[in-house]
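The two complexes that follow have subunit A in common; it is paired with subunit B in the first and with subunit C in the second.
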Partner chain A sequence: MTTPSMTANAKQPLLEIRGLQTHFPTRRGVAKVLDGLDLTVGKGEIVGLVGESGSGKSVTGYSVIGLLKRPGQIAGGQIIYDGKDLTKLKPKGWEDLRGKEIAMIFQNPRSCLNPLLPVGEQLTQVLRYRRGMTKSEAKAEAIRLLGTVHIPEPERRMESYPHQLSGGMAQRVMIAMAISCKPRLLIADEPTTGLDVTTEHQILELLREMRDVTGAGVILITHDLNMAAEVCDRIAVMYAGSIVEEAPVLEFFSQPRHPYTLGLLASRPRLGVDEDIPVIPGNVPDLIDRPTGCAFHPRCRWATAACSAQVPALVELAAGHWVACHNTEAVARDVLAAN
Partner chain B sequence: MAHAPNLPVPATAQTYSLRPPFGERMRHGWASLRSNPTALIGAIIVISLLLIAIFAPLIAPYDPYELNMEAIAQPPSGAHLFGTDQFGRDVFSLVVFGSRLDLLIAISAVIVSLVIGTLIGAIAAYLGGWWDEGIMRVMDILQAFPRFIFAMGIAFAIGPGLATVVIATSVLNIPGYARLMRSVMLPAKKSQYAMAAQSIGSSHANVLFGHLVPNCLVPIFVQSTLQFGWAILEAAGLSFIGLGVETSAAEWGALIQLGFQDFNAGHWWIYTFPGLAIAVAVLGFNLLGDGLQDILDPRRQ
Partner chain C sequence: MSSLRIDRLVKHYPIRTGFFGTRSLHAVDDVSFDLAPGETLGLVGESGSGKSTVGKCVTMLEPPTSGHVMLGDVDLTTLSYNQLRPLRKKVQIVFQDPNDSLNPRKTAGETVLEPFVLNGVATGAEAQRLTAELFEQVGLKPEHMARFPHQLSGGQQQRVGIARALASNPDFIVLDEPTSALDVSVQAKLIQLLKRLQADRNLGYLFISHDLSVVGYLSDRVAVMYLGQIVEIGSTRQVFERPRHPYTMALMSAVPSANPLERRERIHLAGEIPSPIDPPNHCRLVSRCPFATDECRSRPISLDVVEPGHRVACIRSVRGEIPVPEFLFASSVVHAPRLDAASIGLDLE
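Then we have the complex of A and B:
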């Protein structure tokens, strides 16, 4: 089975997710939150994972780092990281892997820090425990790391408690902590939620800088296309637990081909345009009682009989541009006509 | 990173206050204690008790174990402030020395039950599922035992004495701490810092004992202050019914038992003063506990 961008991007990808099924059994039935997700991340690549709330973006992140909340479980598919299938990993293996190979940063950075300990203490603990440093080595390294993420006066800041930090500052500390054990894959789950626009920009810049310095691959989970456009090399759009379109960032914005992507791009507010924002009709599908065929067909104006009968496979339209749709030709024709 | 000497310190450095120095934190603690009369009175009583226990030999006018056949069961007077017992021992000295034994029993019982109960509750909440269910049902069974019957069982097994009192009081208080810790831990284990710690590779033990437990200790400490009062009552109760230290010992419950034996003779001073000592001690710990709850609970600020 070929997966998107395997041919287009790196020859040996860092992370390759194949047909991932993450299910949440509930009283009403099994919610297939991820249903056949394919995603590849190359070394030193920033991949934007975009979709609306409930599309399974965060669950993808938690599946990759093995921190699914109960009752979530991986029911099928593979997560190949560095040649190993993570879905077969034992708990001890996860502990060794997290931090050193894969790390994650979250939204609400201030609540991600232990409120009782100064941030320097938390950082040095990780360095001593995970990298076997002595107390003084760890302290020097922690100060260096805080400097790396552009925290002014890092020596003084070591003493700060989480409640004394601004949101942006706390996210910088989290990033310092995430890169402290030199992971090769960083998952950033909406890292700028709750931060103001200037800080958001700075955090994104920092993420890109960290990628340049460490060469780590990054999955940037966001619902904000503009944010993805700012830093990502490649963008993958998720809908109801699978990827519907994936393309290099320039092509993504210039030649979108999936009806859902078109809807997302059209519903972005634009400056100086005084019309109603077009919205995608309908709602996100019920993940327990999923639509047959393409999950998007009940909301799609291009839908045909084939759409409700068969799940469309991801097809490579151009180099690195993958779309899962039965009617790409009709969509392309209409888009060209509209322009 | 060193700044050139003529460069001003960046403005951001001033915008946040850093960790206040030790002296300032102590002043802050004292200020909140002073603004809460309940806690203040409780603290004064508790500290006085501790001082009395520590300096008992200096405070007591007589040796509490010295028998004086010349002065048997005398009512309170200038020479014997609280009177004397059937053996002519000075009741005031006995009560003063009794604070040592009672505080010792209370402190060891509270420490033992706090450590074990907190561990049990934290582990039950963290593991969840059947572990939680199983552990907490055992706690239910423990709590369902009539307390004195349980103590009698322990006394039957190892004989009455100091150890019996400490073991019985600790074991009986374990479920309370376990339950409290569990209730604080359940929401805490879902916190983001726990997940963030795991995402960086921390082991379960590190997440639980390094991050979660320290964040759950405030209500435990408040509870333990209240528990001191109960432990003193329980210890005295066990000694009173003869399961604790022998009646000749300088211990408040034993002393009340001694006075009770002479009840019909009308020697009220033998049991009244140790009884008052127990009441004051329990009151002190309860006031301090309630006050601390007010001070430390952010919702009440």
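Then we have the complex of A and C:
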């Protein structure tokens, strides 16, 4: 899946997030939901952003597309898209970017569609407003788009209201809407939540197909490592607001190095294996009262004094394989010994 | 301990259409299976397949339209409300969303304590003591007893739901997607707990889920539902490794494999699950099945034995006309990650 041209493109990233800090002031104090997040997305690349609830994956998506809800705010860092720092962008600047260059697919498609309008109407509105089409042009294009996302009988479906569509169908409409303006960066936030396995698979195929056709860079936000393995070129694992490990997909699954990644991989139930599932002890940290040093250290069996003292930086251990851990050697030694 | 036997269970819901017409929604159509003490039967299927309705009928929360729910020699469907009451505690249920199924105005302790009083097991200090014991068994701390559901995390809420089910000292528990709302690491802990409780108390589980990896891990046997009917039932290994029904084949082939090197061959079904309102008498997959013939559209189907313990509702598969895919059962998810010492530049002596 990773072609040489794509790796070349990855060197000139489409999106580069550097040390992003997104904070939510609360009555108890400031919740640092993103705390020094680094992430790059190349053209035509699908990057899986994986983490558990509360790790900040969705907030990353909202930060990039400038849809953070108050009181959430970007307190530091940069989001470089196409040479521009999006954190400095004025509302006017967003108008030309959001939905057009950067589009987002949300978790619950039905709640994002207007329940009072037929989906065709919603699609043509976007096309007329965004791409300046006439009514008839927009209609023809909308039908074509519904066909591209494999909706059977697109003409008839134009007249359907969101409640008349199944979850999978509604998500296809959302994808059609997201790609209607040929975005260069697509953020898909848990696009298959609530869908059945067979439908889930179809939506993932569709995402990959859209990437191949449009050459857009894609951030796939998911909590499901298996799903990320299916479609992503590269996987980045988030924990408590920053990336703890990032690697090309094959390397990620064959050579995981961060204790949290190892824990995540091991805690998935395995078919046909009748042993106990190893669990990660403890719970996700309180984002207001964060642990000192590495956010994962209270749950880590390899934690040393350094881990509570200093935040580990992301270090490139192999080509494209980045890990934020003070004890990568000790971890690798133990994993090897266990095999 | 007696086993639980579901015999030709049917659940139809009337739907009003237009002014006078009523049609029926066939949520469950002729479903039979049995569940032994200490056994886990996984019930899988997509949304709308009727698996949750089966769970509700098994616990008699919904009276079946016809069919029998046999607990030992007693047919629960023939009992009056008052006769049923003492038997209800034998078959308990844990719901998918603990946030919806726990009373928001009761503390976790009160929720778990209630069944002791209702079943006349204990009152006062003794009930308190039993509650505290259960809290410990499900891995909750004593201080959680005073908390309200909204003050607990999703995993903790689900533990309260399990503790409440256990308070009736049941023989069987219907687990309706108990881990679906939880993160993987929390899910793993809960699965661990369920396994331990089963071993300690010889509980029979009807485990309803659409998450095939969890079902595969927990279940001894698996039943696959499609549009209100069981289309395949067998040991977990039989169903996962050598599925015989085209629907199961599609389902198994869609399980995302965590090992990117090991892509499964896909078996595609056309279209989407049809409406359960007045479904046809013959095989319900015909409109989507790549193997369907005219015969499939005319012959009524039945669950037929293809090998010991393995039954399939597909006339063509039973005759061996459909190639059986072989899925790697044990390796469908990566094992302990294998680090390669050389490639990571580690010097090991």
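The definition used in the following text is that the second predicted complex is superposed on the first by the 330 of 339 C-alpha atoms of A that agree within 3 Å, B and C clash if a C-alpha of one lies under 4 Å from a C-alpha of the other, contacts with A are read in each partner's own complex, and residues count from 1 in each chain.
One rule holds for everything that comes next: contacts are C-beta pairs under 8 Å (C-beta built on N, C-alpha and C of every residue); 3 or more make two chains touch, one makes a residue touch a chain.
Everything numeric in this text was worked out from a predicted model, so none of it was measured.
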Superposition on subunit A - do subunit B and subunit C clash or fit: fit
Angle at subunit A between subunit B and subunit C, C-alpha centres, nearest 10 degrees: 80
First, second, both or neither for A:Pro256, with subunit B first and subunit C second: second
Touched partner set for A:Glu190, first subunit B, second subunit C, both or neither: neither
Partner, of subunit C and subunit B, that touches more residues belonging to subunit A: C
Touching partner for A:Ala332 - first (subunit B), second (subunit C), both, neither: second
Contacts of A:Gly99 with subunit B and subunit C, given as first, second, both or neither: first
Which superposed partner A:Leu317 touches (first subunit B, second subunit C, both, neither): second
Touched partner set for A:Pro269, first subunit B, second subunit C, both or neither: second
Touched partner set for A:Glu153, first subunit B, second subunit C, both or neither: first
Which of subunit B and subunit C A:Glu16 touches, first, second, both or neither: neither
First, second, both or neither for A:Glu245, with subunit B first and subunit C second: neither
Minimum distance between Cα atoms of subunit B and subunit C in the superposition (Å): 6
Residues on subunit A lying within both footprints (that of subunit B and that of subunit C): 152, 166
Subunit B partner contacts - residues on subunit A that touch it in the complex: 65, 67, 95-100, 103-104, 106, 108, 111-116, 118, 125-126, 129-130, 147, 152-154, 156, 159-161, 164-166, 174, 177-178, 180-181
Touching residues on subunit C, where the partner in the complex is subunit A: 46-47, 153, 183-189, 191-192, 195, 210, 212-214, 216-218, 236-237, 240, 250-251, 254-261, 266, 269, 271-272, 329-330, 332-341, 343-346, 348
Complex contacts: residues of subunit A adjacent to subunit C: 52-53, 152, 166-169, 196-201, 223-227, 229-230, 249-250, 253-257, 262-273, 276-280, 283, 317-318, 329, 332-333, 335-336, 338-339
Of subunit B, residues touching subunit A in the complex: 1, 9-10, 12-13, 16-19, 191-193, 195-203, 206, 210-211, 214-215
